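Here chain A shows up in two complexes: once beside chain B, once beside chain C.
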Partner chain A sequence: MKQSLIGLLLFIVLSLPPVVTLLESIMIIHMHMQMPLLVIAGALFGRYFQIHFPHFWEKWNGNGIPGITLFVIIAVYWSIPRTMDDALTYPSVEVFKFMSLFLLAGVPLYDSWKRLNVTLKNSVFILFTILFLSMGWLYLNVTQQLCNNYLLIDQITLGWGSAAMGVCIAIYLLYTTFTDPSQYE
Partner chain B sequence: METALKESYIQKVNRYMGLQREDARISKSYLFVAFVALLLGGILGLLQGLNRAGMLELPYWLNYYQVLTAHGVLLVLVLTAFFTIGYFYAGLSHTLGGLLPKVRKMAWIGFSLKIVGFVFAVIPILLNQASVLYTFYPPMAASPYFYIGLVLIVLGVWMCAFGAFINVAHWRKNNRGQNLPIFSFFATGVFVLLFFGSIPVAIEVFMIIPWAFGWVETINVMLSRTLFWAFGHTLVNIWYLTAVSAWYVIVPKVIGGRRFSDTLTRIVVILLVVMNIPGGFHHQIVDPGISQEVKFLHVFMSLSIAFPSLMTAYAMFSVFERTGRKQGGKGLLGWYKKLPWGDVRFLAPMIAMIAFIVGGAGGIVQSTNQLNQVVHNTMWIVGHFHITVGTSVILTFFGITYWLVPYISNRTLTPKINRLGVIQTFIWTVGMLFMAGSMHYVGLLGAPRRTSYTTYGESATAMGWDPFMILIAIGGVLLIVGVLLQVYAVFHLMFRAPKGKTEFPIAEREEHDTYTPYWTERWGNWIVIMLLLIAMGYVIPIVDFTINAPPGSPPIKTW
Partner chain C sequence: MVNNNQGLAMVLVLLFGGTLFYLGTDGFQVFTAEGARVNQLMEEKPQFPEITLEDSEGQSYLSSTFKGKYMLVTFFYTACSTVCPQLERNMERVYERIPKTYLGEDIVFLSISFDTDRDGPATLRSYQKYFKSDGETWRMARIPNPVELESLLDVFGVIVIPDENGNFAHNSAFYLVNQKGALTEVMDYTKIEEAADTIVELLEQGGGKK
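On to the complex of A and B.
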């Protein structure tokens, strides 16, 4: 219960207008900090749904695949430059962004992750490695401004940031592939 | 298989035999260098203090900035690095059943690399060709050999870091499923920080060397400052984590108590390691080229370090109270009388912890943009780090020497040297109260740091600083007495004190301590999270500095 309260609190803090303005004023912070924090808030809050609707999750998300698919769809959707732009332009899209990342990405992520087997977990990591690396490649090579709301330099920064995140996940994958925990644990 | 068996047999024997002579020699050499550096650095500090009070004019062949460079390099690079490595290697050897021969060799190679590097760095300083202060900010340029020396020092540190990792991995293979002994856990955290924290400065120095040789014409000043502080700030937290290791693991044993919760201790270590490196931006609050928003976001990164620090403060006082009460302390505060105040191994780190409360409060002040504008580059800052590193960290190190040096030298701490230590602690505390206290105050009055004595043409404001500068000099005189006593104590314990066995004091877990989950051991995961945070923390300014780079600066000799 404490966990879901923390999640809700985080969501409320992230929704405060000055916080929204600050985090969205920088493109990379918008995509790689505000959005993940919304997902984390949702994941923390997911505990509430698990406690109150256990059967629902058991029935619809028994192997975790539906939940993680929903999460991936939402996450990929919000990594399209156009959608970020719209969120800044139309308040309704902004509300949808907050709600979808919180409820449709964070909550199912929490419920699904423990249900996934190792292969599926690694597939999700691989998917995001590819996504981030290609986003990095895209943003570093496009010479036009992709968003009305952000400058070219913001875009290049986002490119490097995404590439760096891709590299970090790749390092994680290499680390888990090439170290053998049974030697230590 | 056979060799593994043999090795673990040897290890077992070694454990029963206590310390290993060869491992002890490593730590002894590192500590020896550390305290020689304290002696030299302390003398230079006194010269600075006297100069700034207008009581001493340096001879024409000795430049104030040359002295200040040497003071900084000796005390914050040599003393701390050598102490940290000597201390943790002694503890790794003790808690992991001895160092592997390979690791021992690496520690010696690291030692030689550092000494050679140090000689490379010191010669240009002595020749007044590297008076760039220990931060060596471009566009000030020193002789290229100064930077080559720094590269060698970094390589030496990496040797020691990898040695530690190899020893830890070896232990874990032989002790499957067990949590690393807490002391070695701290050591792992420190060496992870040492390795990753020195990568940025290595990059910086590789930018500088061709520029200092004149092979490239200009350098990106902001980029190099940023890389410097990614390292400099991490270095600060390495000292801090080293001191904290003694507070959590050693001090409870010295006072006859038990450790604070094992799990929480490990979480503090992990938090300090993971969140550390991006904190470097709080040293650049008034630097240009970083937007207000980014600086504002970084305030949170800096202040997040306050969280594990507050946890530490809570943990320490809870251990003290529990131990004091067990020994019969009554009432709300009666327990504190039961603490062994006359034992320097407790007294010195205890005062260090109290100083850290003051230092931490000052740190929060400096992280705040508006307040930083008031104190930036004033003597306040000098006061701040003499409280934090010059008191909190150093007094903890001093307290450690009173058992560590006899331990590695197979000697004992005599009551006489203990008394000397208590007096030394007292003198150091009073000296720092004078010196750092007046530094803080005179900083608020506007006295700049890193400036030799001047009255600015008899300006009334500058004259108003003088009384405080004299207090600084008085503090400096007390401190040099403290330095002499401390150095005497260390060398006495190393070479003269009566032979005998001294214990390596590691406190036991609390009786009802909870089980420590194994995920705390997954350093690979922590390192990936750390890298993610570093990437996120640095990508905005670094892209900005490189894409929107100004033409850059040629090397400049300002002295």
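On to the complex of A and C.
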């Protein structure tokens, strides 16, 4: 129960107007900090749903695939330049961003992750590696401003950030492929 | 074993995702807000508002002076060192591709500065020397009245963000306004030949009627 409370509290703090303004003023923080934090808040809060509706998850998300798919859809959706821009321009899109990352990405991620087998977990990592690397490549190579609300320099920063993120996940994948963690436990 | 419920859940999730992406990208067409803006402008074809321009020669006149002619409009500021010089250079290359007989008669090139404070007539005059702008068939001007400037930027969807160093970030395009003062084309400023071809074609069609 404590875990869900922390999740809810994190969500509330992230929704405070000064926090929103601060986190969204810098593009890379908007994408690589605010959005993941919303997902984390949702994942922590997911415990609440699991305790109260265990049958629901077991019945609809037994193998974790529908849940993780929903998570991936939401995550990819918010990495489209336009949706990020629209969230800054239209309050209704902003509300949807908060709710969807919290409830439709974070909550199902929590429930699905432990249901997935290793191959599926690695597929998700590989997918995000590709997503981040290609996003990094895109943002670094497009000289046009993709988001009207941010400066070009912010865009380049985001490009490097995303590429770095992609590289980190790739290193993690290589590490787990070539080492056997059970030896160290 | 995959049971029916999970299959159904998967179908629902995918349907939801498909709908979300479809709606969020206007039917998989537009992935940037800029793309959405251009599409909307082309649909609405807004009128160029009536404003007072002050050009590099120090002359002031109403924008309706150009009624009956096409106007190719760009937005820039002279202190800009990034996109604007390229934008104006590309405008120059479009300018060179328009047959001389049309220039000034059927079409006017107009570069509008949104940095009203710094871009007075003298600054604009020295800036236009870098380009083939002659101050007549291709004019550089500012809009002294801030309310009028705001209304024009708003109608054309130009978003200007000032940064800490006295520069501005802004979205750029070639805006083509027709003889009746309606915005008819918003063109990619990096596709010079395409823009020039579109303009020449329109001029040839409209040339006989004039």
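Worth a mention:
The criterion applied here is as follows: the second predicted complex is superposed on the first by the 181 of 185 C-alpha atoms of A that agree within 3 Å, B and C clash if a C-alpha of one lies under 4 Å from a C-alpha of the other, contacts with A are read in each partner's own complex, and residues count from 1 in each chain.
By our rule, a contact is a pair of C-beta atoms (placed from the backbone, for glycine too) under 8 Å apart; a residue touches a chain by one contact, two chains touch by 3 or more.
Computed from a predicted model, the values in this text were never measured in an experiment.
After superposition onto chain A, the partners chain B and chain C occupy separate space and fit alongside each other.
Of the two partner chains placed around the shared chain by superposition, chain C is the only one that A:P66 touches, whereas chain B remains out of contact.
Of the two partner chains placed around the shared chain by superposition, chain C is the only one that A:R82 touches, whereas chain B remains out of contact.
In the superposition on chain A, A:T129 contacts neither chain B nor chain C.
The superposition of the two structures on chain A yields an angle of 110 degrees at the Cα centre of chain A, opening toward chain B and chain C, reported in steps of 10. By the document's definition of touching, of the two partners only chain B reaches A:Y175; chain C does not.
When the shared chain is aligned, chain C comes close enough to touch A:Q145, but chain B does not.
For the overlaid pair of complexes, the smallest distance between C-alpha atoms of chain B and those of chain C rounds to 10 Å.
Per the touch definition, chain A reaches chain C in the complex via residues 59-63, 65-66, 69-70, 73, 77, 80-83, 85-86, 89, 144-152. Across the complex, chain B meets chain A through its residues 172-173, 176-177, 291, 293-294, 296-297, 518, 521, 524-525, 528, 531-532, 535-536, 539-540, 543-544, 547-548. Contact residues of chain A toward chain B in the complex are 22, 25-26, 28-29, 32-33, 153, 156-157, 160-161, 164-165, 167-169, 171-172, 175-176, 179, 183-185. Residues 2-3, 5-6, 8-10, 12-14, 16-17, 20-21, 24-25, 30-37, 82, 159, 161, 163, 169, 171 of chain C touch chain A in their complex.
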